[in-house]
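Letters are used for the chains, namely A, B, C, D and E, taken in the order the chains are written, and counting of residues starts over at 1 for each.
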Amino acid sequence: GCSFTQPGTGQPGSTLDQIKARGSARIAIANEPPYTQIKPDGTVTGAEPDVVAAVLKRMGIPSIEGVVTPYESMIPGLNANRWDIIAAGLFMKQSRCGQILYSEPEIVSTESFAVPAGNPKNLTSVASVKADPAVKVAVLPGGFEDGALKTQNVPAAQIVNIPDGRSGIEAVLAGRADAFFLPTLSLNSLKTDGIDITPAIKDVQQTGSGAGFRKTDQDLVNAYDEQLRALKASPEFDEILSRWGFSADAARGVTRDQLCAVAG
Amino acid sequence: MISFSGVGKSFGDNHVLRELDLDVAAGEKVSIIGPSGSGKTTILRLLMTLEEPDSGLVEVDGEPLWDRRGGAVADTRGQAAVRRKIGMVFQHFNLFPHMTVLNNVALAPVQVLGMSRDDAEHRAVDLLRMVGLQKHLRHKPGQLSGGQQQRVAIARALAMRPKVMLFDEVTSALDPELIGEVLAVIRDLAHTTAMTMLLVTHEMRFAAEISDRVLMFDSGAVIESGPPSKIFEEPQHERTQRFLKAVLERK
Amino acid sequence: MISFSGVGKSFGDNHVLRELDLDVAAGEKVSIIGPSGSGKTTILRLLMTLEEPDSGLVEVDGEPLWDRRGGAVADTRGQAAVRRKIGMVFQHFNLFPHMTVLNNVALAPVQVLGMSRDDAEHRAVDLLRMVGLQKHLRHKPGQLSGGQQQRVAIARALAMRPKVMLFDEVTSALDPELIGEVLAVIRDLAHTTAMTMLLVTHEMRFAAEISDRVLMFDSGAVIESGPPSKIFEEPQHERTQRFLKAVLERK
Amino acid sequence: MIWDWAFAASIVPSLLDGLWVTVQVTLVGTAIALLLGLGVAVVRYSRIPLLGKLFDFFVLFVRGTPLLVQAYFAFYVLPNVGVQFSPLVTGIIVIGINYSAYTAEVYRAGIQSVPAGQWEASTALSLSAVQRWRFVVLPQAVRDVVPALGNYVVQMFKDSAILSAITVFELLSHATSIGSGSYRYLEPLTIAGLLFLAVSLPAAKLIKRLELRLAHPR
Amino acid sequence: MSQILPFLPLLLNGLLITLALTAVGVVITVLVAFAAGLCRMSRRRWLSWPAGVFIEIFRGTSMLVQLFWLFFALPFFGVQLVPFAAAVLALGLNEGAYGAEIVRGAITALPRGQREGAIALSLTPYQRMRYVILPQAIPAMIPPFGNVFVDLLKNTSLVSLVTVADLTFRAQMVRATTGATTAVFGTILVLYFVAAYVLSVGMGRLERRMDPGRPELRPTLLQRLFRRGGVVGS
């Protein structure tokens, strides 16, 4: 298990060569359905991993190996060569696009609040959160929502960190937070009694994710994008995304450059 | 003042006391002598409720301290009140090393008798003056000689105004030249107070001088008893003769 | 066989040996006596390389063990070979408690001399028979009396076939009734072997009996030296007279 | 250059904030551990029938299970049964209780080292059970074990990093959170490690000194 | 509880990883402890000084920080360890630093006469260590090492925070999937407790077996059959 390659330099052999030789790529996921999910038997699935697997297959790489990790360590872990690709539904935004390379968009989604049934504090937008300093919103530290609140200057005192999706729902049920801010589809899959999911929040920009790569792996991204374009043109793409509740056309309708321009 | 009737005590197979009967009148000064392991310390420890008898009755000042007649489970209600009438001085002093001499003496009067701190300290100072230690009030026991520590221990016991004082070989752990100062304090107590006193000792001359009565102990029973003149000068029992001979020779 | 010339040794400010000169001939039995702290043990420990001298030269069997003439840094090459000629018996035995008696004696011959296990054990059994312990081969030191342990220690040292044997108050840690058995073994060695022997002891009668020469030590110097009859019966030096008087009275 | 000095300097203030939280957790946790551990030790030593056995098991169980899992248990399960605390409070309570099992053992050693004569003298002076503990036994027992307790305080200081897993925002959380914003882990983690050293090394030295002083008074 | 039954194999698999981490960790701990402890005691500065620095650093910082560092920072220096190796190394180095002090303590606690007795027999430094010092010091190390091993077992749970799929990691996964929080954490608390208990009982046994003052056992039948001839019974 110990190789003394300089991470980031891609020597000896670039990541592309390595994963081709291995026939397998390590992908970082967060176990947050429907974006990513790890089954009890260890198989990795979810919208993004399924897309990544399909693309890699077209590239001649038959298998993927999932590593579950918190959002906050995804990019540091990628740079530390802990995994080869981030396939966790890590949304594109300016700062991230500056640190890693993204493929073209693979999924596009909306954001919602999970709130106690009946939405007692009537939270429907980031503005409504800022309006009442007593409101507390739970987020995954390092997640897109965390950044979205911070770029809109929501005070730190109103932000509650929780380690994973399940804990976020529990925090709302337990009253530790008034709302839990997450992609709509993720919330739908976590929904339990006593929880309502608000319609998509308007005052955060629409966003989406692609696979994330190290900056030194431009060759891998190029090869990947080529096969991704082919996949997106095929009905297989519709089949994968609809399986997890996403819209394939929405993903076809945006570009990496658009999403990378999202503030945050 | 003190009465043992039919008291038995064993440690495992070792029957230390067997059906012991013993009476001590109020104000009487009694010395207990006897070979090692004969049960002398055990008697004092029963009185101090540091051990529990297996059978029999122990009364102090007319009140039951231990009632295990017929081997019944001891009823220990009221025991604390009876014990409060008794003070004890140990062979190894057992002073509290983390407190000053003054606090050692004043602690129990404040905590147990509920005296005010001032009153308790006044009494403590008086008692410490009596044992000749007024200069050491603020010292810790570790800074004193063995003889001084033992005198503090006596003052500490006296501070509770006991009716009965127990002394268990209080000079055995002392260097020979320090024994005198401790004995002087006890002699003074014996001659000037009306306290009942029970002394376990190997200091025969001292016992003769201060006791009203001497008890010779062997194997957990009183084998001979009488005024010091009788016991020391014309012991009847062969065991007593042998014991005294051995002790006096050793000196 | 042994020669100290101009040897000095201090521990901090404490100058234990000052310019010591001392020669011991091959086969000579020498006893060293003197008051506590005079440096007797230090001499033996220098020979055993347990201490390093500050200055001077120590030779054994014509080869240098320590050469610090002019305070030079000691050259310790070849030291191991010289030390192998010396055996030592300590006051506190220093047996290895985790090994059987047999292994204690056989360890060094196997490991250091490279003997076969069988040969070493045979020699060990012979030596243990000589010191009267053939029955205890498989016992651990903890199961033996002090006198028996010390006899094992002697056998252990002898197993290395030393030319020189050092004994440092080998009976001081023993109960009086066990001293005899150990002295008997040493007496036997002294009378039947040609080994050079250096004995630090307070057993004056024993020293007189087995030594060719007695050295009186004080403050790190030999202040008197001669055959036992001379030293013990007509000591010249006032310090020797005083020392012998004190030792003999204590008995 | 792997190491970015300017970045390293810029994150120090934030990490110091984290260190301050860690120190607070340690201080309050210490208070809990010292008091609760004392209670557990006294009850166990007094052989109070049911409670004593219960506390025996408590000590065994707490010492036999990981702090991280205990923290998870408290963090995720307690709210289900209606116990509501912030992560910080939960973390402090968990680490305090965890260490009380260790301090209880330390106190026990201290209590055992108080000579029997001290208990007997207390009886001879008719002190009640409470008075005996309060004035005679504990002052002596605790004094001897202060260094051992101190070592556990330092240990707790280091272990408090584990509470980052239940989102207590202490030193390590600050470091990883800087990592999530800047996507660099090397500097924040290294500086966090150095800050831990900067506190625990002098503390350990201090305890060593104390130990020597207690062992050789005056 | 019934919710998590289907996931029991997953948890047991995690337990296996935990036990494997512990087992390998114990080996590394012991190796590191002896290496660092013996170097620390060396008279040679260039051995004792680095050992001292190593011990202070690993005892002075959080195990978790060390783990994160080995996992996320070390790769930048060109050393890429697989997660299991990084985890086991962090555990072994950390507990080994504590173990080093145990080794040193046990050796310095031996009476000085043992070393001197060995010197007087001309044993070399290696032979002294091998035949005289260690056989006596090791039994004294067993009880404190028992505590270190239990600590190690418990600390394996921290590797779940750096993506190693041990028992705690699996528990988090099952919890995220089923929401059966109480049952999952209750179960693994018991599993850890049982493992720690068994470990400490085992160490207790070992301690009694290794008591150095213990009288020599009668040779077993096997030993009698295979021992070369010699002095037995002479």
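Here is the rule we go by: a residue touches a chain if its C-beta (ideal position, glycine included) is under 8 Å from a C-beta of that chain, and two chains touch if they have at least 3 such contacts.
Quick caveat: nothing in here was measured; it's all calculated off a predicted structure.
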Among all the other chains, which ones are in touch with both chain B and chain D? none
If each step moves to a chain the current one touches, what is the fewest number of steps from chain C to chain E? 1
Just how many steps, at minimum, does a route from chain D to chain E need if it may pass only between touching chains? 1
Cα superposition of chain B onto its copy chain C, rotation angle rounded to the nearest 5 degrees, comes out at 175
In whole angstrom, what separates the CA-based centres of chain B and chain C? 54
Which integer distance in Å separates the CA centroid of chain A from that of chain C? 81
Contacts with two or more other chains, residues of chain D listed in rising order: 76, 80, 165, 176, 179, 185
Chain E residues counted as touching two or more neighbouring chains: 72-73, 76, 172, 175, 181
Identify every two-chain combination in which the chains touch. A-D, A-E, B-D, C-E, D-E
Please output the residues of chain E touching chain C within their complex, sorted ascending. 111, 113-114, 116-124, 127, 131-132, 135-136, 139, 212-216, 228-231, 234
List of chain D residues in touch with chain E within their complex: 2, 60-61, 63-70, 72-73, 76-77, 80, 158-162, 164-165, 172, 175-176, 179, 185-186, 189-190, 192-193, 196-197, 200-201, 204
Residues of chain A touching chain D in their complex? 71-73, 75-76, 79-80, 95-96, 99-100, 141-142, 161-163, 167, 170, 173-176
Using the touch rule from the top, collect the residues of chain B that touch chain D in their complex. 48-50, 80, 83-84, 86-88, 90, 92-99, 107-108, 111-112, 156-157, 160
Contact footprint of chain A on chain D as seen in their complex: 76, 79-80, 84, 86-87, 165-167, 169, 176-177, 179-181, 183-185
